[in-house]
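Take a look at the structures below.
You will see two complexes here that share chain A, one where it goes with chain B and one where it goes with chain C.
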Partner chain A sequence: MATANTFVQIGSTVTVGSGGAANISFSSIPATYTDLVLIISGRSDYAATISRAKMQINAITTNYSNTMAYGDGSSVSSTTNTDYITYIYSVGSTATASTFSNSNIYIPNYAGSNYKSVSVDSVTENNATAAYAVIEAGLLSNTAAISSLTITDANSGNFVQYSTASLYGILKY
Partner chain B sequence: MATKIIVDCSTGTTTEVELTAEEVAQQEVDAKAYVIEQAERDADAKAKADAKASAQAKLAALGLTADEIAALGN
Partner chain C sequence: MAAGATYVSIASQTLSSAASTITFSSIPATYTDLIIVQQGTAVTTAAAMQMELNSDTTAGNYSCTFMYGDGTSAASGRYTGDKMVGRNYIQQQNNIIQIMNYSNATTYKTTLSRSNAAGNLVGTIVSLWRNTAAITNVRLFVGAGNFDTGTTFSLYGIAAA
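This part shows the complex of A and B:
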């Protein structure tokens, strides 16, 4: 039995190997916990200073909505869309070598029967002006308990070697 | 061939498998959509910057100083 209000790792940390990976999935997530936290350190082989990853829940492709605010080192902007819980940013291949993004994705009440809300805090690293900081609030209008999460590089790129993803459960009660 | 990594949380096992043809096709669709979205965001940001510069120029033409324009906010 997990101790309340602590992070408990679910499954094991994924560390991408030398061949890269187009996506990373956590399947058969137990409904044991109250909240989920997914932590990603990512770099893509997409040829830009950043790349974007999308998070798909339970292989669902519709009924997402989200809004985000981001800074790119020069200005701030905001946008909305209905295409997955997107804008989990990775460092792209033209950014400073060996740098990675840090992304924290929080999913409260993932096993309940309400719609599923998601908050994302994501930053990239680059030894130049163009580095991104992103916060995002997302909603999946679907009541099914979350049993799988898939993170995919949305630019047809791959997560490169040493990118990592770890899933944690938090039991609040 | 692109691959995906799957963690089965019920067993703790991690496997790496090749993407299906459908997944590869979806990747290509997503990539094209991203390019379009990025262009739209860039255009929106430029339009906002242009409107701001235009407004500031009009205020300056009315006789406001740079400090007075700045005091009106960003």
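This part shows the complex of A and C:
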């Protein structure tokens, strides 16, 4: 029976500095693992209560699809898009001060020759209106191993100081 | 103090041919929670992915409540006598299943699942197995069609620090 730890941080946590950042990237991701987990705590300077970021894989710009379901505190809705594999929700600059979103992105078999499917959970609770709870399914119809991830604010805003992103690899035997 | 291993690969399977069922058996009681990650495609027919624990085939011992979105609308429902923990689609998709406190012999067992098939459906399911036995055996299966060749199933154990 294998007993080694298989949940390993890849590189270091990215913490956005005082100047903000238009995007957060992880490059040269090794093919050592089987699954990836990306954890993001984010806030945008976009002037709204809610913002969202797009995740791009290997700088690929086509062949994405996404289905999401979300609740905003009063109703639930569902939509699709083909822009990027996932939207990662964050709170905007008019949301309650010091609140940050939480997002968990799981990517199975990221180094395999299969198309890449992802599972995303995003929440933006800020003790006010217009908070979102989001679940998403994303697909990149491309068989290349994933070696880079780039998360960019979809509203041309910036991630603000203290936003963080951590990437983990899961290894099986 | 050095941290112990807390996220451990217990077993994994990659289908070399299409199959309607897979089983993880002899699961040790060493951990606190289990996580199963399935990724792949279905053969010709989409269907619910179901789960039986400890070879208990009695449908009446299982129930689930779910919420999903299909890109147009979102809805919620519940089934009694149903073993659903996910969906199996022809398109590349994944299901992630978390079984909490699986090795205690006192409480019924609760499962939280996420099903992800972009272009078809995204959903979350909470399932209940009304049995207090420690889980040592997990069978995943589809009632129609098969899991296709290349579909992967990984079983992980989460240990208390």
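Definition applied: the second predicted complex is superposed on the first by the 168 of 173 C-alpha atoms of A that agree within 3 Å, B and C clash if a C-alpha of one lies under 4 Å from a C-alpha of the other, contacts with A are read in each partner's own complex, and residues count from 1 in each chain.
The rule is short, and it goes like this: contacts are C-beta pairs under 8 Å (C-beta built on N, C-alpha and C of every residue); 3 or more make two chains touch, one makes a residue touch a chain.
Just so we're clear, the structure is a prediction, and the values are computed from it rather than from any experiment.
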After the alignment on chain A, I want to confirm one thing: do chain B and chain C clash, or do they fit together? fit
Going by the contact rule stated at the top, is it chain B or chain C that touches a larger number of residues on chain A? C
In the superposed arrangement, does A:Y106 touch chain B (first), chain C (second), both or neither? second
Return first, second, both or neither, reflecting whether A:D35 touches chain B, chain C, both chains, or no partner chain. second
So, does A:S77 touch the first partner chain B, the second partner chain C, both, or neither? both
One more residue to check, A:D121. First (chain B), second (chain C), both or neither? second
On the combined arrangement from the superposition, state the nearest Cα-Cα distance between chain B and chain C in Å. 9
Indicate the residue numbers of chain A shared between its chain B interface and its chain C interface, in ascending order. 77, 79
Which residues, counting only chain C, touch chain A once they are in their complex? 3-10, 12, 28, 37, 39-40, 67-76, 91-94, 96, 114-124, 150, 152, 154, 156
Residues of chain B touching chain A in the complex: 2-12, 14, 16, 19, 23, 27-28, 30-31, 33-34, 37, 41, 44-45, 49
Mind pulling up the chain A residues that touch chain C in the complex? 1-7, 34-35, 65-71, 76-80, 85, 106, 108-109, 114-119, 121, 135-139, 141, 170-173
Touch list for chain A against partner chain B, complex: 10-12, 14, 16-17, 19-30, 52, 54, 75, 77, 79, 81, 83, 152-156, 158, 167
